[in-house]
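For reference, the structure I am asking about is given below.
To keep things simple, chains are lettered A, B, C and D as they appear, and every chain counts its residues starting from 1.
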Amino acid sequence: MNPNYIFTLLAFITILCALYVVISKNPIHSVIALILTFFSISAHYVLLNTQFLAIVNLIVYAGAIMVLFLFVLMFLNLNKETEPVKSTSWLTAAAIASGCLLVVLVATLREGSELVMKSPNGHAGLVKTLGKLLFSKYLVPFELSGILFLAAMVGAVFLGKKKGDDDQDELIIQDNAGGNNG
Amino acid sequence: MGNSIFDQLPISQYIYLCCVLFAIGLFGVLYRRNAIVLLMCIELMLNAVNLLFAAFSSYMGDSNGQVFVFFIMVVAAAEAAVGLAILVMMYRNTRSTDVSLMDKLKG
Amino acid sequence: MELILIPIIAGFTAAFAGKWGRWVALLGSVTALAITFGFLNKFQMGNGEFQMIWDRIWFSSAIHFKTGIDGITMIMLLLTNVLGVLILASAINKTNRNPVLFALIVGMQGALNGVFLAMDGIMFYIFWELALIPIYFICAMWGEGNRFATTLKFFIYTFIGSLAMLASLIYLYNKMPAGGTFDYKALLAVNLTETEAIWVGAGILLAFAVKIPLLPLHSWQPDTYTEAPTAGSMLLSAIMLKMGLYGLIRWFFPIVPEAVLFYIPLIIGAGIIGVLYGAIIAIRQTDMKRLVAFSSLSHVGLIAAGIATLTMEGMQGAILQMFSHGINIFGLFFAIDIIQRRAGTRELGSIGGIAKQAPRFAALFLIVVLGATAVPFTNGFPGELLLLKSVFNYHTVWGICAGLTIIFCAVYMLRMYQMSMLGKEKGDVYLFPDLALRELGLMGITVAMVIGIGIYPQWILDICGPSVHKTILTIQDTVGVLK
Amino acid sequence: MENLLWIILSPLAGFAISGLAGKYLPKGTTGWIASLAVLVSFVLSFSLFNGLLSNPAAIKKEYFTFIGSGNFHVNFALSVDRLTAMMMLIVTGIGFLIHVYSISYMHSDEGFYKFFAFLNLFIFNMLILIMGSNFLMLFFGWEGVGLCSYLLIGFWYQNEAYGKAARKAFVMNRIGDLGLLIGIFLIAWQFGSLDYDKVLDPAKLVAIAPGMITAICVLLFIGAMGKSAQIPLYTWLPDAMAGPTPVSALIHAATMVTAGIYLVVRTHVLFDMSVFAREFVLIIGLCTSILAALIGLKQNDIKKVLAYSTVSQLGFMFIALGSQAYVAAMFHLTTHAFFKALLFLGSGSVIHALDGEQDIRKMGGLRKAMPITFWTFLLGTLAICGFPYFSGFFSKDEILAEVYKHNVVLWALCVGSAGLTCIYMLRVLIVTFWGTFRGSEEQKHHLHESPALITIPLVILAVLSVFGGILNLPPLLSDSIAHGMHHFLSPALNLAEVPEELSPLSQLNLVVVTVVVLALAFWYVRHKYIAKQVVPETDDAMSGMGKVMANKFYVDEIFDASLVEPIEKTSDFTYKWLDRKWIDGLVNSFGKIANAMSNLYGKMQNGNLEYYLLYMVAGIILIVGYNLMK
């Protein structure tokens, strides 16, 4: 099968799903669309012969992160189409900005594509190769990323903790809540 | 066989795809008001970058690029965790996840 | 050296001396005057070189604290210190007893002395800026009307000019071979191409032209003069704008002689147009201070034009006229201040007939007005005569245009005098007490100087003559004989 | 030799004493001190004059360098030659008489001491003007007398109209002064010196371009125009009558206004070189003379009539100067000083008696009440009219003869002008002193002859007016004493010893024609004002040409509309539009731009996250785009 067809198909799905992420009013739909996007991206990885990344992408993104998102959505009960729509001027501004960036990026990276020395190597994406690299050359960053995770975890826990101890905070929260309800 | 993809498919295709994904993500970041969707769009942009990294890495036969993708994923995961925690905090305080309400940055 | 430090120290002391502040300030000021007279005594007449040079390394080996006195400086020092004392004395005994005001005035006197004494480019620049600080606070703290906006405008305006000057000085320094200094003589010695000289000159000229002010950079002036407190207006017009004119003589033409031919017509043109412009506007002003401000614009335009002719007559006339103008404008502002304090306004048309109530004041004020009108036997005349002659010799048409000033000046000065002092009593002048002893003394000194210089102006010309001659020679060395 | 300095210092001292101490001295004392100061000058001048009679060499004295800068060197120096001496006698002599007169005239004025101080200052400046030995000294005095004139015209400063008149006088004088000053600059440029000795040296003049000399002459004459009230700068003089009458007599009739004549006579060497300048002087003089006489015909203010008469007579003097008859001009200057001072003082006496009334329509029949004033005024009038054997007859006749030599048409016009003089002067005389009194009852009750201090100067001046002609008799009458003034002045002026003469017959003819014209004028006035007892109509009743003449041909109005208003409009325009709106506006616009930018950036920092995101993206696009462009 011509990889061009596969690529085109995958790209089509990817972009479609990505667009739906942005367009959909319901956050739940967005999440699902995003998961689909991630799947298609993983497929791209496979196509590129980078199996490790494909797997990790699925596990980390489609698995862990997106579940987190869903969890938060459920937790906050946000699965309604309550989001107010921004004005048309914002729509134009956003469209123009992203359009411009698109043009600029394409223009920049196209030059890069010509510089690429095409010496593809089937082993580049293998788990073995990557594992060797990670535990030799990138050992320190690898360990550091572990610390980063720890910090992120602590931070997330700290932030997410309900500050019941602090009366003042509680008061403010109640006030706000009252204001919103009223 | 495995190499044929690199011969038949020019890398520019990936560049276009990634740029479009990135732009879509950006558009979402700018246009949407729901903070969760915002975060998701950021993930989308990160993925676009990841994909590009991976593409270049494969085309050039250099694994270093993929290591970076790995690290980006690490950072993205951490970012998503912390970001969502902040979001929950914000929701507790304002009963909303509308970023338009986050206008207290003015000095 | 002492001349700079003593007033500044006196200023700092005075600021914290509370009730005694003004006397401390006055003491410092008078001491400075005494030192000036000491210098005048030591001064060798007929010597065009710098004398009594005092030279220490300041920031680095390139920047010295170097002072020296030549004839031109001597006159400016006399002007600064005589008027410094007078202005301080005129400000004392007013309703405002804040020692900071007096401290600022006397500090300003020190900074001005520094400007005139400096023989080092950076030192000149530093004192040039230093003089700006007290006047800013004087105007902003004791001014009237829209004082903050006006003062800020003045400050920024002059500051931009000064920065341009600094840039020019640094450019000159970079042109020197390694081991150069900002010394006056070293700056003189730098050779520039004509284009370079024009650009360097533009930077320096901008600083001076704003301060003088030359048309069309004058628009800070009327507002600032009008809204500044009287002491501020006096300092600004009597001494500070002389910095610009002095700068033209000392720091502009000799430094960029290569560009002289380019700048002469420019400065003379701007000066003469300023003469007419200021005079014509002054004719219809009703605020006395604003009127004097525009008359000042007119007078300094002529002075600047005279300097730019680069002739003995023009430069000496300019120096003489700077001195005279300082005295006259002090007298005018003082008189206006007296009127304003007693009648509550200085708006022409709402006062009149003061002469009837205060004949002595009327007589003294008249003499000052006549001095400003350049009537013979007053100080305005000889300077104006020399200036007009130099401009006339430069170009007949310019000369005639400048000459119109003697007509317009008579019109607006006498209009001001008549509307305020003569005619039927009008406004709140029925209980206008005649001059008190202090005021009488100050006006008396002013008038004595007006007439004294009017009758024997030659002593000023004698003091500055050789230095002026040397300055002109310096310029001519580069340019060749001008015209 | 120190006398020279004392001559000028004496009035200066008088000024200082009366100015500073006058307030505390009794009025009489101040007046006498001031008069004495002038008398001292007069006596010293007279002794100088005596010395010069025997020895015509000029006396010169330099005191100190006044201004020395570069090539420009001017000394404070005095010099006296015969011309100067004559002027000094006129100034100090008449000055003294008028001082004495003023003691009585001004006795009730509260500014008495000030008045004498100013008078003394005037004498001082006038002496500087004529005694200075270079052009700058002349200019000093020139401006100085203008200043004194200003001070004295506006002496009653409470009246705003007077103040305006004073200012007008000063400003108009300054216009002339500018001309003079530029002339002086030209002289300094061309001759490298301002000393009379060096400039007025005929040998040197040859080297100067004729055009330059013409320019100098015209500029000097512009100065003279201002001071001596010639067209177009004459309108200040009638207004100057706002000053006290002695001032009008001294400054605006006898001395200051003749400074222009003195200037031209002094520099006649230059004028001799330039035909154009002479013709210019001649035409201006003639026009002024006729115009002023015409206006004078219809004026009803006694002082205004005299003022226009002065303008007219000054025009006459310039006619003489234009026809190179310098001695004749000086002669007329002298006699005019006598009789015009007399007339002014006489009118002052009348005004004094009538308590400030100046309108001749409210006078009349004063002949009996004020005999001395009447008789002296009559003599003065006859003298100015040129009644045979009075001083004016000789001086005017000489001018007419000189003009005749020059051009017959001009001569005819001059004779006409002399006739007009005769008409308006007699009109004033008759309307004032004949007929019945037309003032109020109260004034009538108060009518009295003036005190001796007023009448004595009148009598002295009357005598001089009658016999002043002796100074320079034509040879027609007697050869031995003829041309006294000519002989006296010729060394100072470098003139030939004996003037060129017309034949006795044509002289006689001229005289006869003149006398006939004058007789006609007499007859007309007699017919109109004595026989018919016509009183000038009121302002409203005037019409046609008469109204135009009474309104001074609207010259003032024309000046207002063509000069004053445009300048004021320009001033407003320049200030409000050009200065405030554009120049200041431009400067402020920098501030405004900065402010607007600051506002803009301020708004951008609205604290909202989304905006910040947008800015960030824009920034990225710009940076990447910029790098791309590179």
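As a convention for this text, a contact is a pair of C-beta atoms (placed from the backbone, for glycine too) under 8 Å apart; a residue touches a chain by one contact, two chains touch by 3 or more.
Quick caveat: nothing in here was measured; it's all calculated off a predicted structure.
S.K.: Along the graph of touching chains, what's the shortest path length in steps from chain A to chain C?
M.R.: Steps on the shortest route: 2.
S.K.: Taking contacts as defined above, which has more of them, B-D or A-B?
M.R.: When A-B is set beside B-D, the one with more contacts is A-B.
S.K.: Which whole number of Å gives the spacing of the CA centres of chain B and chain D?
M.R.: 98
S.K.: If you average the CA atoms of chain A and of chain B, how many Å lie between those two points?
M.R.: Chain centres of chain A and chain B, defined by C-alpha means, are spaced 5 Å apart.
S.K.: For chain C versus chain D, what separation do you get between their C-alpha means, in angstrom?
M.R.: Going by mean C-alpha positions, chain C sits 37 Å from chain D.
S.K.: Just give me the whole-number Å value for how far the CA centre of chain A lies from that of chain D.
M.R.: 101
S.K.: Send over the residues of chain A in touch with two or more other chains.
M.R.: 90, 93-94, 97-98, 101, 105
S.K.: When you check chain D against every other chain, which residues touch at least two of them?
M.R.: 610, 614, 617
S.K.: Scan chain C for residues touching two or more other chains and write them down.
M.R.: In chain C, no residue touches two or more other chains.
S.K.: Which two-chain combinations touch?
M.R.: Result of the pairwise touch check is A-B, A-D, B-D, C-D.
S.K.: Contact residues on chain D for chain A in the complex?
M.R.: Within the complex, chain D touches chain A at residues 610, 614, 617-618, 620-621, 624-625, 627-628.
S.K.: Once bound in the complex, which stretches of chain D touch chain B?
M.R.: Chain D residues touching chain B: 605-610, 612-614, 617.
S.K.: Going by the contact rule at the top, pick out the chain B residues touching chain A in the complex.
M.R.: 2-6, 8-17, 19-28, 30-34, 36-37, 39-41, 43-44, 47, 50-52, 54-64, 66-67, 69-71, 73-82, 84-89, 91-98, 100
S.K.: Which residues of chain B touch chain D in the complex?
M.R.: Interface residues on chain B, with respect to chain D: 26, 29-30, 33, 99-100, 102-107.
S.K.: How about chain A: which of its residues touch chain B in the complex?
M.R.: Per the stated touch rule, the residues are 2-4, 7, 11, 14-15, 18-19, 21-22, 27, 30-31, 34, 37-38, 41, 44-45, 47-50, 52-53, 56-57, 60-61, 64-65, 68-69, 72-73, 75-76, 78, 83-84, 86, 90-91, 93-95, 97-99, 101-102, 105-106, 109-110, 112-113, 116-122, 124-125, 129-130, 133-134, 137-138, 141, 145, 148-149, 151-153, 155-160, 162, 172-173, 176-177, 180.
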